[in-house]
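Note that subunit A is present in both complexes that follow, paired respectively with subunit B and with subunit C.
Coming up: the complex of A and B.
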């Protein structure tokens, strides 16, 4: 495969040797974690293919789109509305990275104690190993946490077309006004980049495409409520990860095909794991590709993940945009309404998130909640202590995990998780 | 002294034993660091007295004010406008703490990797050793950094009358509108707390009192431009620290008296340190009482601090509120104008701060800049790397220090600082 895309990667200015090494690690991780699973839905074959071509064929598609005059926009966060990007016939891709890279170089630009979603974003850029950021005509940052907000000032020197979106910290009238003003400003920036004026019909179509993608994921999530769970948490997480990279229409079809298969499984009482396997709700920090560490340990330690309360999961995909509006302003208002509901830990207070965890715990028939966080993420780390206390008050078993991208603590985590599963059985 | 105030502290529900231990450490630190200095201005006797009574007589004054029907408001940040508090005949006091306390208890509520301005705020409350927070009728938090923003959700359970103020992250039109809306909301909260309606004459008087305090500090700062420096950085820092606790009118008079004395010193060519001593500008994170570690090492290692680009320093005190308005809205606008200029690292971008550092470096005839930060403060840590690079580009010697409240790294810091002073001599 590498030979096939070599010229393309060269054309993007990538470091071929470092990139080969990265792909090798990715391939090995995927084989050991994903392909080693038993009893996978056949439809996951599509995602196996997508992952094998995530830096190859998918990049070729993006470059073909660019060749045809379309634009590619890269983003790090849920708050960047894909609807507006689609409305201008552009493509939005996720830029977060779930593995450390070029850490020594990164730490010349960022403090060591910066979280592991931010440092790899720099590492992949500095190391020239991310074909997505190299293909992007515009990179959109957002003022969510302090770490991202401040590091974009530095990333600005590394990427040619950096755009920063402000995000409110409270769900007040002023907060909503800020979000709306920022979405209008973003719309203008996208129009300028693409040369396409976004009118109501275009925006409505953008909303419909993204809603369909979300509805497919809602359907998949709904099926995970069954016992036995018809799909592993690892496979469901992968679907949620590919959500950020794939062509939305093709992605929607692939998810719906898997859902057809899972419905048949459920009818036959079949599952990815045996009935009675302890059911885990993961809550917390987003897991970007190839950060599969925690669900992998959970699912090889005797439990199954039935839901993700995460940006790469239900926090990111729940709530549709109301499609009923007909004017541009009505549609923008509907987009603002939808995104303003995101219960990210950057908001204060953030009671909605706790309610969502409780709701998911019930809906997915979970036996326990594992709160997951990467080191040095202040919003989720502090909120995890509030969440833990609240769940304990309701006698919901909860385990707080703070980790990183290394494999150093795998043994220790496995021991803690096994003890937790014993407890909740 | 302790016997004299014992009943008062008991009445505030404080832990007398723990508090005695804390005061003993404070007293010892003050003696070894402050009273050990040579050649101090006589006027510093006032601050020696203030510090010896900072938990005693000053608290008695606050309780007397409360007895007379006035209110005490505690705050953690520069963004809480003292003008509005004074306009309602209430008193604003600073609640930040510059020493670790009850860390084990704090880490049950907050992640270990939370910065040392936040953890002690909890520690002093949990340990019942802060008479200011115990006297406060209202405690005002603000959404500056993630750490503070999220930890106030937890502090809310510990203090009875917690109020949180939202703060913008960008200096946009929406950001300014948010700050104005929040200041109007705060005015209403203060009116409700005090039962006093804040009209234009009251607000104007509040502005005048606080401006006078700032002008006195500006006068003091101006005198530090002389070589030899007429006052040590330690003594000037103390004045900036007491700024947050003392009665503003008395404070203003005391600073002006010291300034008279310093002017006479300058006329005679006298200084706190010899002419030619390396002159240091400290830039970065605020130093709350009794965090005197860095200037103490600097000034016992052969240099003198001539300016503080810090919240407890010029970032906090520069810029007056325009007093010329006559309507309430004009005066509120003037307050918003002044506070919106604060160049805190929570803002992005924050170019003003770099300009201010460059301006101070020239004005105070500094030989080098020491950027100071406490561990785990993401905004200032990340910004410090931008500042370092920018100063290096201009051939300004700069040293980045990341430390904590312990004395564990004193030896190592002394070695680094001595090497830096050798370099810039």
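Coming up: the complex of A and C.
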């Protein structure tokens, strides 16, 4: 796709050489990890196409929308309500990056021991290789963990249109009031950016579009409860990742099509892997494209991932927004209700998360839980110890993994994972 | 039926062949730079019906032969139980990895921990320190036991510890005292790992590092418990793999 989109990328001020190198890594990784899988649902062809055009055709679409007067908003976190963005006919895209890039440049601005969601966000910007951030009319940061909060102060100097949203840290009435106030402030900022007044009918329509997308993902997740699992964890993760980039209506259709196919597979007793393959629930830190390392090792070491208790997964898509309200305030309240339930590790206390892990473990008929964390993510690392103990007291096999985006520990991880699967068999 | 187990580790390769319960062949060699070639040489002239590979080289070996594979964690658990049927906890320190393994009464692994990617707390750490201090590896533990003065090394990192050792040597500190401090470092790390996994007795110390007398003594002292050490602690993984070859 490189030649076809060269001028577009140039127009966005990107570093073509570095970007070509990045795309080559992405292409190889996708081939070796995704295309090497067996028994993939045919419907995954759509996602193969999306991934092959993730920096090409999708960017062209966004630029066409911009040409037509619509705005593009980039965000790093699922606390940014897509409903409000859609209500103003704007498009929300995820900016998180799952690969290290321009690390030397990043480490001039951020300490080395900064987590792997923050550093690549800077790396992709500094290296001029992310067409999403270059296309964005507004980049929304959010005060979740300390690392992000402080980094946005520095990112503000690199991104001309930075907006920072405050996020509560406790599930109290005061916390909820803060989230509501912040969503109202965000609504105003979006209205100002787009020149569109968000009224109740617009917001309701935004809610409907995003709910449909979530319902489709819920349907997909539900089908993964079958044994044998009708789809690999890698493919399901990809669907959850593309959730953050794709046009929501088209995405919803594509997921529903795959679900039709998976239902037929389940009826015939077919699976992506044989019945009896150890079933793993991954819990923890989000995996952004192209971070496929852990599920790839898991699924080439003889197990299948059946669920992700993660921001890119069920933590991100759980719960719909109540569509029944008719006034603007009722709809905003419904949005706040939905997002305030997110059990991110930045909240204290955060007992809901453990309950959700236990619920998912049962629902997905999992045999074990792998708690996944990237280095230096304090909130999830601290919770991982508590969760490990809690699961052990319930005799649920659990393995804690702390890693990064490099491949240097793949051998050791493979040994640990294989031993874990031997243990749960 | 003859069952073979081969443990392809980062530093050494061990081979055990069983006939029934009897060990009829037991060999070892260095892994060198081409472990597969070394493994093939080790297997030359050895007759067996089934073979199971373990160790970090198991998957490469799998590509060259029709061996089944098992992780060294399970292999050590099975091998340890064959030698000591009541064993509940295993500390395995090899050339590149260290592992603490808990097994239940039925011999099944219930929990384990493994070191991360770095060499701290492994045989490699001891090897580098021995060479920094000018000791042959097989004398390192014995010399350390002759230490007279208690000194501390604060760094667990192989690279930093090496410079710490070098600066102690430069200060004229007795190298036997430094050797003892180096051993304490590894034991401290192993004990921390055991405490996270299990302290249930009997505890077995295995892997190549269990041949080091100073490590064995320090581990017992730190745990305040007796620690079992098999006669050939480096062979436990290969033995376990050979037994598991019977289940293929």
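The working rule: the second predicted complex is superposed on the first by the 425 of 425 C-alpha atoms of A that agree within 3 Å, B and C clash if a C-alpha of one lies under 4 Å from a C-alpha of the other, contacts with A are read in each partner's own complex, and residues count from 1 in each chain.
Simple rule for what comes next: a contact is a pair of C-beta atoms (placed from the backbone, for glycine too) under 8 Å apart; a residue touches a chain by one contact, two chains touch by 3 or more.
Everything numeric here is computed off the predicted structure, so don't read it as measured data.
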First, second, both or neither for A:93, with subunit B first and subunit C second: neither
Partner chain(s) touched by A:155 [first = subunit B, second = subunit C, both, neither]: neither
First (subunit B), second (subunit C), both or neither touched by A:216: neither
A:143 touches, of subunit B and subunit C: first, second, both or neither? first
Contacts of A:423 with subunit B and subunit C, given as first, second, both or neither: second
First (subunit B), second (subunit C), both or neither touched by A:33: neither
First, second, both or neither for A:344, with subunit B first and subunit C second: neither
First, second, both or neither for A:298, with subunit B first and subunit C second: neither
Per-residue contact with subunit A, leading partner among subunit C and subunit B: B
Shared subunit A contacts, counted only where both subunit B and subunit C touch the same residue: 402
Subunit A residues touching subunit C - in the complex, by the definition given at the top: 392, 402, 408-409, 411-412, 414-416, 418-419, 422-423
Contacting residues of subunit C [partner subunit A, same complex]: 56, 59, 70-74, 97, 108-112, 114-117
Residues of subunit B defined as touching subunit A within the complex: 109-111, 113-114, 143, 145-147, 149-154, 164, 166-167, 169-170, 172-175, 177-178, 181-182, 345-346, 348-350, 375-376, 378-379, 381-386, 402
